[in-house]
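Each of the next two complexes has chain A plus one more chain, namely chain B in the first and chain C in the second.
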Partner chain A sequence: MATATLSGGQIGRSLPRLEGRDKVTGRAEYTHLMQLPGMLHAKIFRSTVAHGRIKSVDTSAARKVPGVYAVYTSDDVLNVIAEPYYGPAFHDQPILAIGKVHFVGEPVAVVLASDPHVADQAAQQIVAEYEELPAVFDEVEAAENKTLVHAELKPAGTFADLKHLKGRKGTNIALDFGLRRGDVDKAFASAPHVFEHTFRTQKVLHLPLEPHASIADYRDDGVTIYSSAQGPSFVRTEIARLLGWPENRVRIKVPYLGGGYGGKLYIKLEALALAMSMLARRPVKIAHTMEEHFYTITKHPTTFRIKSGVDQDGRITARKCEVWWNGGAYADIGPRVTQKSGFTASGPYDIDNVSIDSYALYTNLTPAGALRGFGIPQLVWAYESHTDMIARALKRDPLEFRKQNLLRDGQPQATGTILKDTAIEKVLDRIAERLNWKRPFDRGKGAVRRGRGFAVALKAVISPTTSVAIVNVSADGSTTLYCGTVDMGQGSDTAMAQMVGEVLNMPAESVRVVPRDTDVTPYDMGTLGSRSLFHMGLAVRLAAEEARAKIGDLRRELGEPEGSNAPLADLFRKKYGMQAGNIVGTGIYKPDYIPPDANGLTTNVTPFWMVAGSGVEIEVDTETGHVRISRLINVADVGKPINPKIVETQLSGASLMQLGFSMFEKMHIDGGQVTNASLADYKIPGMHDVPPVMENEIVDTYQTNGPFGAKGVGELATFGLSPAIANAIDDAVGVRLTELPLTAEAVFRALRAKDNKPLGDE
Partner chain B sequence: MSLAAITINFTLNGRLVSADVKSYHNVVEVLQTQFALFGARESCGQGLCGCCTVLVDGRPVSGCLHLAVFLDGAEVVTVEHLATAGLDPVQQAFIECGAFQCGYCTPGFVMMTKALIGQHPDPDDEQIRDYLSGNLCRCAAYPEIVNAVKMAARNSKAGPTG
Partner chain C sequence: MMAFELLEPASLKDAIALIDPDDPEVRPIAGGTALMLMMKAGVFRPRRLVSLRKLGEAFTCIAAVSAGELTIGAMAPLSALEHSPVVARGAPVIVRTLRRLSNVRVRNVATIGGALAHADPHMDLPPVLIALGATISVAGPDGERTMGVEELLTGYYETSLAKNELITQLHIPAQGEARAAYFKVTSGSADDWPSLGVAVALRAEGTIVKSARIVVSAATAKATRLKAAEAALIGAGADDKTLKKMADAAVDEADIIADLRGSASYKRELLRVYAARAVRSAMQTSGASL
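Now for the complex of A and B:
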């Protein structure tokens, strides 16, 4: 059979994105820009206190504004949805606040109007009174359980390891993950060197340039929701649960996303839009302003206390990790971030004695979820800063010290899972080579000092998760792919089309990828955690292979000679007497997985490991504390890239995003109130923040169980950058920063403290 | 909200048009709701991200801050007008250089690049960075965008393609 060999020539092609033309002409579809006939616009009235009992919500003035269709509060929502709480891990988040508010910015009431200006103006007429309650904002304080965010925990039942938390009272801890390997206490007692440091990360957020948007069109026999969602299948399941309906009466349509980065996962505006459409019996659109993202979802701030014991030969013998995740007022996916990133909190090192405690905490802040790394960037920030500090304290070369302790393929990682297909040492070596690490380095002179630093990281992909794909060959031979992976800029439509083309021996450009629509695209767990290329990629390959096998069957059935290359259209015509019929292939992929035991240990924690690192050369102006990154290097193990150009853009883009989180991005919060909720006050990276030299390298590897040797890439270049910069600052001027962001002020304060001339607080 | 509408007449993408607008309507809103043009879109709402960039009398303006009433008598060009005879060299260059990921900011960058090349037919890196510093790309495809601008400048001398 001519198509039996993988000779499609589609893998490794730097094909421009299939949707490129729509994007450069302004015609690509995004939910935020969509309009339905008869649609009402919703504007949200939000809480002004961080924690309080709602005494009253006066909507009378708002209702009188000409043009207002309706004003709704949770009392109305409860009339149409009996249990209006949602969330992927806990059913803790109300559609509109019920009885209490738990953070500043929580939705309390909604105004609907045909004219969004009318809705906006009316929302400002609403007056709420609260009885303020004590609030807790810091994750370590929250762990003491003195001030409680919720009276009772309400796990969703989706995850087995959360079930024991059902009904638990008197705690802010939404999950505590523990891992015990060997005996850290004994190892610390006998270690000649013990180091302990505490690191913190700040509250930052995704800020996709397309803010969140959902449009719900509810009818008695079904509901259609158009949404900027990264996980249409999850949205469908959760909306069906809220309605008590079968899934097939719920349709979720997702066009392109104007960025996601983890911020558009699970339920965001979908449930609120649903409730509003049920009440109004009209299509309702909720489209956030940029400011409203600050009250919707953020990254987890963290505190990470890390302690290591090192023997006389420089081997790390023990590492104890305690991580507190500031999850905000509702759990969102925080408990999963806490556990899944907890697996690798001790880093890519071969350590016999490991203890990890990772706590998901409720606080009275905007909820936190996943942001491009699923918690890993916060952990790498700590363990790669810590590892560098140990090397420097022991007067060891940071490269050699790491190499001495590095995990290698065939060795068990902290969970006990054996490492496979991980190019950790290769990545480290390539960064060092590019930095000319072994050669002398110009350290600058006068006020400007130069330094360099690097970091390397390991991540276990979220497991176990399922993807399903359908490949449909039409009677003219043209081929359509149905898959639920959401293309939010990562180029998944293009990569998936390349895989179909590879199997079916046709140009990827000719493969149609159907936009996500749960009425036609089958189940996918979600576009998150760099899982799609691997999981959906394998499902797509299986679907295409099944279609190819059926084509082969048809050739044989029609008596085509072996090796015949007759066009597909001819086969259909011969079989059906006209241009008719289809060949449909389906593929399902779910990896094997063994849940961790009581000690957090498992021999199969992940279907593939993610490996990447970064290196930087920097200049520090000792008179101002200003840090300039003169060279930024990213090296990643992506397996075999399906589309090298898109992979490089992913690495470069992830790294520049992390540059913002490392150097300047920070939500400023005063008494629970965000004081910089706009792009005017919260700076994200722009043209001038791009380092003059950027290098992205894909090391030559092959993921043996991946689709065509590939694995995920979206998050990789976020991992190592923050500690690489902090390590370089230490290298340049001998000060160590342990809290992000690495602002000029922070560097300058550290320099003054080092000179025994510390600055005051203001 | 009950203010009377004002009738404005202007040239939109080469055609004379009129619209009834309220004093508080911005350019983006009028383009989207009255002319079904969605290439210019509001993101930050503060004139900082450039997603809403349109050309008014040849000058790039932030459509989220520019009030629609000021369009009266003006000549307005949006991203939709560039590809009337095949893709504009700027658009072609953005595709070839992979100068976007999610694409939400792309029309703004394309329009700003169009204005840049009009003013500086051979821009150097510094000019490109300065000119485009008012456009934000959260996917941070900035290195690719700089490459695309250079390619667009080279190819603009040759006319439309694709």
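Now for the complex of A and C:
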């Protein structure tokens, strides 16, 4: 029998997900399916104009629909919440539109009824009149500040680097992050080769299969909100702020999520559900339809102008990055995306002179937030396409050119933070080995041409963020973990239980992980940016270690011999005379962090670096432009995997999600109207889109400061895929696409343009 | 979606009688895969739906009648066709087409009659059925009539059915030595609606094409026969030169429209390529096996 100091054998175990059986047998709890006694259903009436002053909202016909309980507009909301604006970075988003609407789909009024179909029918009877105002949709155009989305900026005060924007007028720029390292202008002037390209990404959706859902149950002495939220602690803080209440009167309960991907972060439907429950004095549920995803939160479209200087030896001497982030009508977490991803916009390369300008912009579109990568996939798309284009233009092997310029451990990244525990070169080498990069490649014949490409990326995890965990050992020795990390499909409950089991020497299956409930589970920043396994993992380990130390104290107190393995239940019984008592361990983790200086530089930007890359082999049908990915390779540095099987499914899942964003997903927008706002017209990858060969490799590494050597995984395989495919298309047929998605028509048009037979636009 | 009356008549006569041709809020419902989406979106708000589910076995029966002709009840689910040995023998191209038609959930619920009556130009089966020369039986208050699937489809979601006429049966003539192929060409996800559909059914002696039906769909307002392309092919060998002539004729005569799934100019090029590929594929197919 092992003593407490020996390994519990739980780390590195491919344990099936603890909740898997409940999920596949339909027993798992989701907000979307929950009912409360006396509950009303809310249906939202939305704006049909992109920017306009509200002249009137006629709710009379809706009120007359039999079964309607009430119809509310912002006039009603203002009666119960004086300042009904919310948001993580800016308090700019009204619960219901006040005076103006800022995007098509913005909530204007709400119908409540016991029957959701009645509410839906009544919402369709509401008529609003608007005085339309000029609107701006393009991020680069928005930066010119000719058409303004908001009269004045309203930073939330949560983030120090946004404070200078308070009260600023006449601008659409919600954050301008700048980084200056060396002197790019001087370096460009002396560089024998200078390359400049512009890349764009499109507007796409998170599209979790469980749409957003919140139920608010407001009472005079407290409110309980059940929500499909990725960050219950943040929701509690924001709801308490809106109410002017202490946090302990606000309870946020989060069951399992049917996916999140960043779309359920911070605060979404919770404030609206709260306001409706305050007005109705009954529990109110808002559960979105699939179509309402298109009017809630999206990924940021971007324009990225990137310029590099290369010396005669092939060293990149300077890189200038200008990135415009299309944040839509409300900031959400866009300013964070703009800054945090901005740190690494120049890529995983050792470049002496770097200039980065990253702008968060308001436009009259559905708001944009974080989507599996926190902005990194948009940046990698540009810098790994650009880097490949430089290599090809200089007639250098793309692998050798990258290796010549690659950052390595011990070197400072653009911010000045020294790289540590990064396997960038190993990841790159493994992709190249799997692709047999050095060996001849069958380039196809006839109409079908084959090519291959790859890309590698670096991300600084979002910092500083805090996690708290509690481990509770009961008198029979059974153990419960309280942590706020939301399991939205990534397997965090299983991984956290494995860590508790490792420390306390018990099978992970025996550890109870309490569903998230802010009355019970302690603070956590949120389940975002691949941070939980590292941050919460460290908090969980500390909590378990504290419990283990207390168990050790108890053994000594009871006179147990050193190395005794007397069962825990016996210890409790001996101490308390019966099966009674608890041992509670707590753990708090917050990494050290130094905010960037005026030049965007800091020696500690992140507690850990994320590294991953992708490689593909493709076939291009030159007669139609169709691209078929015949082999897809993801290689990632995850530190030591806690649960290798779940890591692999996280890599394959992220990669397939990015495959959709790379190849075909796109919100088509015409004058601010989304013209394909349904799953019939907006397709995500299906089984037929999965490449016939898909390989996921975890390189052998160890994250020194991570829990049991581990670090974050969830976003990794989204990073490199888009540029890997574009690079492979260039390799196959010699055309370069600079805008996502890489549709068959886009490839075909590029092929025709190359042959001087451009295809008409009709 | 508000409350409505759902009737499930047990006879065709009753079903027809329950449909009020002058009331747009009364409609028949078969599998409902399209109609339910329209109801969820608020585009269609029924007062009464007349379900055809309880009309009896005769309306779901799939049978080979004399000389290899297939008769299929209008209420047969698409998956019943997909898995029917009778269909596999009589018109294997239908089984091949069904494998990539929408998804298994839709195929289990959607019916062949409902799919035809819906007349969405993106559907995969109408061009195939037109190429095979299929006909339908239609029943109304004044009795039965038959028409070709080609005559059924008159425009974008438009048919030649009266509001109170119901499709009762689909007839696929014996294919004999005919060879057929269908290409569903998507521009995005493989699960998406097609940008272009091309169906070909032909008879050949040696390398010489004796008869051919070529049908374009998805890129056009309705599934449409391309008769100039057919003429270019008939009497010639399916060589590169003839196929180019045939494909150019197809592009010239098809009225291609732009949508989210591609510009008209791109879809014309897709048709040029896939018309030839469909003929080649049909030539390589033997009429009698999968």
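The rule is simple: the second predicted complex is superposed on the first by the 757 of 762 C-alpha atoms of A that agree within 3 Å, B and C clash if a C-alpha of one lies under 4 Å from a C-alpha of the other, contacts with A are read in each partner's own complex, and residues count from 1 in each chain.
Following the convention adopted for this analysis, a contact is a pair of C-beta atoms (placed from the backbone, for glycine too) under 8 Å apart; a residue touches a chain by one contact, two chains touch by 3 or more.
Since the model is a prediction, treat every value here as computed from it, not as a measurement.
> Would you check which partner chain A:Ile684 touches, where first means chain B only, second means chain C only, and both and neither mean what they say?
both
> Between chain B and chain C, pick out the one touching the greater number of residues of chain A.
Looking at chain B versus chain C, the one contacting more residues of chain A is B.
> Mind working out whether A:Ala598 is in touch with chain B, chain C, both or neither, as first, second, both or neither?
Neither partner.
> Mind working out whether A:Thr675 is in touch with chain B, chain C, both or neither, as first, second, both or neither?
Touch status of A:Thr675: second partner only.
> Would you sort A:Pro208 into first (chain B), second (chain C), both or neither based on which partner it touches?
Touch partner of A:Pro208: chain B, not chain C.
> After the superposition on A, what does A:Ile646 contact: first (chain B), second (chain C), both or neither?
First partner only.
> Between chain B (first) and chain C (second), which does A:Ala82 come into contact with in this model arrangement: first, second, both, or neither?
A:Ala82 sits against neither chain B nor chain C.
> Contact-wise, after the overlay, does A:Gln121 reach chain B, chain C, both or neither (first, second, both, neither)?
both
> Which positions of chain A sit in both the chain B and the chain C interface?
117-118, 121, 289, 291, 678, 680, 684-686, 688
> Under the stated contact criterion, what part of chain A meets chain C in this complex?
For this pair, the touching residues of chain A are 117-118, 120-121, 124, 289, 291, 623-624, 660, 663-665, 668, 675-676, 678, 680-681, 683-686, 688-689, 741, 743-745, 748-749, 759-762.
> For a test of understanding, state which residues of chain B touch chain A in their complex under the given definition.
Its residues touching chain A are 1-2, 22, 24, 32-33, 37-41, 43-46, 48-49, 51, 78-80, 82-83, 87, 90-92, 94-96, 98, 100-107, 110, 128-129, 132-133, 135-146.
> Could you please specify the touching residues of chain C with respect to chain A in the complex?
The contact residues of chain C facing chain A are 1-3, 37, 40-42, 100, 103, 185, 187-193, 258, 260, 262-266, 269-270, 273-274.
> Can you list the residues on chain A that touch chain B in the complex?
Interface residues on chain A, with respect to chain B: 16-17, 19-28, 30, 32-33, 35, 65-67, 115, 117-118, 121, 206-211, 256-261, 289-291, 488-491, 645-646, 649-650, 652-653, 655-657, 678-680, 684-688, 690, 694.
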